[in-house]
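What follows is a set of notes on a single structure, which appears directly below.
Each chain gets a letter, A, B, C, D and E, in the order it is written, and its residues are counted from 1.
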Amino acid sequence: MSAAHAPAGRRAGGLAQGLLARLGPVVLAVLLWQWAALAAGSPFFPPPGRIAGRVAELWFSEPLLTERFWQDAGPSVLRALTGWLAGAALGVVVGLAAGLWKAAAGYVDPPVNFLRSLPKPAIVPVFLLVFGSGDLMRIGLITFGCVWPVLLNTMQGVRSVDPMYLETARAFHIPPRTQLLRVVIPAALPKIFAGMRVTLSLSLILMVLSEWLLADHGLGHFLITAQRTFEILDVWAAIVLLGLLGYLLNVLFLAAERRVLRSRPS
Amino acid sequence: MTALQVSNLSKSYGEGNPALHNLSFEVREGELLSIVGPSGCGKTTLLKCVAGLVPATRGEVRVHGEEVSGVPEGLAVVFQDYGRSLFPWMKVGQNVEFPLETLRLPKAERQERVERSLAAVGLEGKHERYPWQLSGGMQQRVAIARALAYRPKVLLMDEPFASVDAQTRSGLEDLTRRVHLEFGMTILFVTHDIDESVYLADRLVVLRRSPGSVLAELVIELPRVRDQIVTKSLPAFVRQRSVVAQHIKDAS
Amino acid sequence: AGPISITISNPANVSNVPLHLAMDKGFFAAEGLTVKADVDLGSGSTVEAVVGGQVDMAWANVVSGLSAYSKGLGVKLVALTDTAVTGSQQVLVGKGSRARTLADLKGQKLAVLSPSTICILNVRSALKAQGLPADTIAFTPVAPPEHANVLESGEVAATCTSDPFRTLMIDQLGARSVFDTSSGELEGYAVGGYLVSDKYAAANGRALAGFQRALLKATAYANAHPDEVKAALPKFTTIEAAVANKVIVNKYLETADVATLRPQVQRIADAMRTYGLAENPIDVSGYFLTSP
Amino acid sequence: MNAPVTTTGVRAEPRRPGVRRRTSPRGALAAFLRGTAGAALLTLAFEVFARLELVDPRLLPPAGVILGEALRLLVDPAFLVEVWATLVAVLGGVALAAAIAVPLGVLIGSYRLAALGLTPIIDSLRSVPGIAIIPLLVLVMGQGVSMKVTIVAFVAVWPLLFNTVYGVRGVDPVAMETARAFRVPVHRTWWRVVLPSALPLVLTGLRLALATGLTVGIAAEIAVGTRDGVGYFILRASYAGFHADTVFAAVTLAGVLGYLMNGITVALTNRLVVWDGKGPS
Amino acid sequence: MTALQVSNLSKSYGEGNPALHNLSFEVREGELLSIVGPSGCGKTTLLKCVAGLVPATRGEVRVHGEEVSGVPEGLAVVFQDYGRSLFPWMKVGQNVEFPLETLRLPKAERQERVERSLAAVGLEGKHERYPWQLSGGMQQRVAIARALAYRPKVLLMDEPFASVDAQTRSGLEDLTRRVHLEFGMTILFVTHDIDESVYLADRLVVLRRSPGSVLAELVIELPRVRDQIVTKSLPAFVRQRSVVAQHIKDAS
């Protein structure tokens, strides 16, 4: 019987065990993959060893990162992060408003739910025609995609704040603004983070999509070129790079989250 | 002077679920009124109506002559559900200090009030703990310290000592009397401990079982300054104690 | 055994009209074949479907097919369908553009169908002829329906577009051609053809021979009846009849003779090497389906 | 004790109509009107922009034209068949995603070791864009409905997973201790304590998953050129050339479809989650 | 026969935060042991260690001779933090019934136990309410009803009557004595009410202030069957009551 929580603070079994737990499954997965790829022998499924070699060759040789890395991934990641930040900020603000002020939710809900259900590739032309060419349109698209999860989670988080917290705050005449900053937001924070974390990877995906549909550089461009010219190894290399970037961003995000939420009971 | 006036107050939670029925009483400025009554008779509901946290279904509440709509100024509450009224993301010190920030007190004074009120409830040196690192009784005392540090004109306390041991409880009772007298604080004190209700009160209201309404009201005739041993052995105390006990028996 | 059935993934374009004529006219049935044509709208994943065995055969443009072949995916060319004529594919600029020639697009972006399109070869070859470097113009792959949008928004300075969008953009948006891809070094290039996987080729030699014969009959018929070609277009593509009438019809190839076709293909393979779409020389000798 | 909060300093209206206080017909009408007002504003903004004719109207038709075309599509059986095809793929994909994500989320949320071990894999996997793996999926599955379901599941799994994990981690420790104290078996604890407690967040995840699944399902139809679905309809209209009105009408209806799916999920949530915002979460 | 044996138990929450130090005592089968001690001395911690909910830092706990690692069988707990130990998504009846499902009792018997235990705590007819629709005292009684319906061999109760009015409290105290005698239930009862601790106990342990350890242990010499009025006026009761009071004074 131990459906217990992951006790954040407890250093169960120490560092070694943690490291094993962290790396074990990854190593296992890669080994399985290598074995399956070798067994299948399909040109579309190169073994991870070769992919890793290609990734290193393309982006991680020279001193540390190749010039190509900055060419392919640099602008892409920048776009993704900018769009993510803008989307998260917008999502939190609108989500707070809609969570706190039911009437606002009434006005906002239908258009929001309509907008977020629009298929992204199909609305790229609209973004293109409205925002014109250039990064504005791409960042706009990423922002547009990132807003919704954060918005929804924020709203949900705000609506399920323990009413006792609010009653306490009211009983002590905490002004609305302070209530918002010191009570509502901290109480909703775990849920806001959940939304932001979902969105972080989404921003990478949307970045690829925006570059996929039209770009002359960046990871999306690299990917579509590789794919259309049957550079299968490059396709996989790009997928792995995206996975690495996603993992890295998530590690950074989790570290930040842990700092912010460290005071919570385990 | 009337600090608090409750007139014909009724409250029901939805159809056919009345909690309070036609309740009227008043509390004079600087008076300590105990409210006793059986579990579920509506004491917490009454307190929340007075605090303006819950709208009355009928009737009205006036604090210092003004009808309560929002939470009246200069009023503080110690909630029965202390476990959930402390903010888990704030340390103990921050929890106590938080309402003071709104009062725009200088940092030094805030600090001092936090120190003093935490010390008053026997929690000196626990500033840096989080509420969930404290025992139940300690959490409840943090909630009390928070209200005391706020120095309200009117203080509502909902079974504030329920989770505290006898020894500490006596100390807190005396503390309550002391701030009541010292600062002329008007206090509405909900409890189900008969001894406590009599020991603390200037006046006492017994509520009848649901939907709650006033069953009896009595003025406690005890000296203003009280002592746990001396006062509790006064014949007046013993007599009034048993009167209240009898009322409560009738109430349930 | 009953008739052999072949599933073909084919884009909805002019090149595939003979296939559909052959189906309608019963040419395949006469060879004992049941052909099922899966019309594909611009997915770019048809070669994967062939290699993975999801479909038996797919039409691909020559560059794309050669690219798959050269990367060792194990594909074979069953037949080439058509060669380009003037107007098949053009570089278009917007109404307000002052560009007159390719050279005027220097330092700007050109939208192309895909990163492996013959247009890139054509443009680079033309630039080379004018003594300009290959990277004078940057290429951006854009799906054809978006060509009008990217041109209008200013995302690109020009688009390399084929019918029906070429006709529509010229007629309705006032776009103007500055370059025809069927000119210069690669004039009359082969457009595309049908691919199968090596495995499929090895197992179905007889059926594929029958396919080639039926298709030849159909290409001959198509060349002789251009009106029927235009009439067939709206039936399996999204092109409307009014537009179909203005569409430029390519010249369909009436031969399956490897000796004749091979130089056609090799020419493009060499150009791919020259103009940066292939890293190594491509030897096309293993590319053709050998008769059983 | 925790009475329904009706007025907060920050909250102007009852927080949650919930189940006990059913939305009155009048309230529903008001909500509908508010929603319509919001939608009208959006439409108007688009209309005005289009009417400025900064962009050729054949590429970006005004809202009025799009809406007219949308109304026509709404009764066009040929279009409705495509809607059905998309719906089947999206619901199938989200169901598959939920079947994977919820148990996995409970596992990861409950056990630190599972979280440690699986996080790197998950974080890497979910940063892989669905479109990048489409060619690989086509290779294995072709361009039919199973491929669509897979790609929808691939993207819908993450919001469900993360919301489940955060939901499970948010279960009150006292509630967990109570279940343990009564020796409630693990599976029953998950079922009766962890899941209900995480349910509000899981349902939020479901809403996100449905929306994401719908957009990606349609995107896949566009990108893969599958043989049916709203995306296929859009693709066909765009390949026909200069039918922006039909394209945007179909896109609009896709949005409406998403709106409806969301509405149904919200109604479901309100029915299932009576207690949310009533006590410790 | 020993139902419960605590030997040299120590528990600390992280470095330098000891809650219990070298605690030893035992409870015989069918005995009711009261534990009293100042707030924050580690009573809740002790109960959680006994219940196997929290691992001991040193020492061991044996229930019916077996060392506790997980939660021992046939044991139930009434938590101090009742507000959070009830599941807000279950109705009152469901909350009480929930642990019974694990026992694989037939539906009819479950229903009957739910009825009877809710009636025993004075909450008949409240099945269909949600916990958050009840007053604090009522919630606490639901938690008690849940434990009673479970019919454990060993029952741990952490200040179970803290939020209940005097009248109801007396009733619940008598109920506790009754189930204790009737079912031969072993009960570990944490309270800070001295009267209550003496009135209920067969034996009594006083804990010393942090880190908690046993300050005194005394056998309560009162008749097995007790009565609120008769027993509390026995000289033995009055005497032992003041002994405990003195101990507690020493403890804090």
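Everything that follows uses one rule, which is that contacts are C-beta pairs under 8 Å (C-beta built on N, C-alpha and C of every residue); 3 or more make two chains touch, one makes a residue touch a chain.
Chain-to-protein mapping (UniProt): B, E = NitT/TauT family transport system ATP-binding protein; D = NitT/TauT family transport system permease protein.
Remember, it's a predicted structure, so these values are computed and weren't measured experimentally.
*Asks:* Count how many hops through touching chains it takes, at the least, to reach subunit D starting from subunit C.
*Replies:* The distance in steps between these two chains is 1.
*Asks:* If I average the CA coordinates per chain, which chain comes out farthest from subunit B?
*Replies:* Chain C.
*Asks:* Looking at every pair of chains, which two share the most C-beta contact pairs?
*Replies:* Among the chain pairs, A-D has the highest number of C-beta contacts.
*Asks:* How many angstrom between the C-alpha centroids of subunit E and subunit C?
*Replies:* It comes to 83 Å between the two C-alpha centres.
*Asks:* Would you mind pulling out the distance in Å between where the CA atoms of subunit B average out and where those of subunit E do?
*Replies:* Roughly 27 Å, centre to centre.
*Asks:* For subunit D and subunit E, what's the span in angstrom between their mean Cα positions?
*Replies:* Computed from C-alpha means, the inter-chain centre distance equals 47 Å.
*Asks:* Could you say which residues in subunit E touch two or more other chains, in rising order?
*Replies:* 70-71, 81, 83-84, 134-136, in rising order.
*Asks:* Subunit A: which residues touch two or more other chains?
*Replies:* Residues 1-2, 44, 125, 129, 162, 164, 167, 170, 174-175, 227, 265 of subunit A each touch two or more of the other chains.
*Asks:* Find every residue in subunit C that makes contact with two or more other chains and list them.
*Replies:* 44, 48, 51-52, 146, 149, 152-153
*Asks:* Residue numbers of subunit E touching subunit D in their complex, please.
*Replies:* Checking each residue of subunit E against subunit D gives 48, 51, 53, 70-71, 73, 75-77, 79, 81, 83-85, 87-90, 98-99, 101-102, 130-132, 134-136, 139, 150.
*Asks:* Subunit B touches which residues of subunit E in the complex?
*Replies:* The contact residues of subunit E facing subunit B are 13, 17, 36-40, 42-45, 80-81, 83-84, 133-138, 141, 159, 162-169, 192-194, 245, 248-249, 251-252.
*Asks:* Of all residues in subunit D, which touch subunit A in the complex?
*Replies:* For subunit D paired with subunit A, touching residues are 2-5, 8-16, 30-31, 34-39, 41-42, 49, 55, 59-60, 109-113, 115-121, 123-133, 135-136, 139, 155, 158-159, 162-163, 165-166, 168-171, 173, 176, 179-180, 183, 185-186, 189-190, 194, 200-201, 204, 207-208, 211, 214-216, 218-219, 222-223, 230-231, 234, 244, 247-248, 250-252, 254-259, 261-263, 276-281.
*Asks:* Quick one: which bits of subunit A touch subunit D in the complex? Just the residue numbers, please.
*Replies:* 1-8, 10, 12, 18, 21-22, 24-26, 29, 44-45, 100-103, 106-111, 113-123, 125-126, 129-130, 148-149, 152-153, 156, 159-164, 166-167, 169-170, 174-176, 179-180, 184, 190-191, 193-194, 197-198, 201, 204-205, 208-209, 212, 223, 227, 235, 238-239, 242-247, 249-251, 254, 265-266
*Asks:* For subunit D, which residues are in contact with subunit E within the complex?
*Replies:* Touch residues, subunit D against subunit E: 1-2, 172, 174-175, 177-178, 180-185, 188, 192-193, 196-197, 199, 273-275, 278-280.
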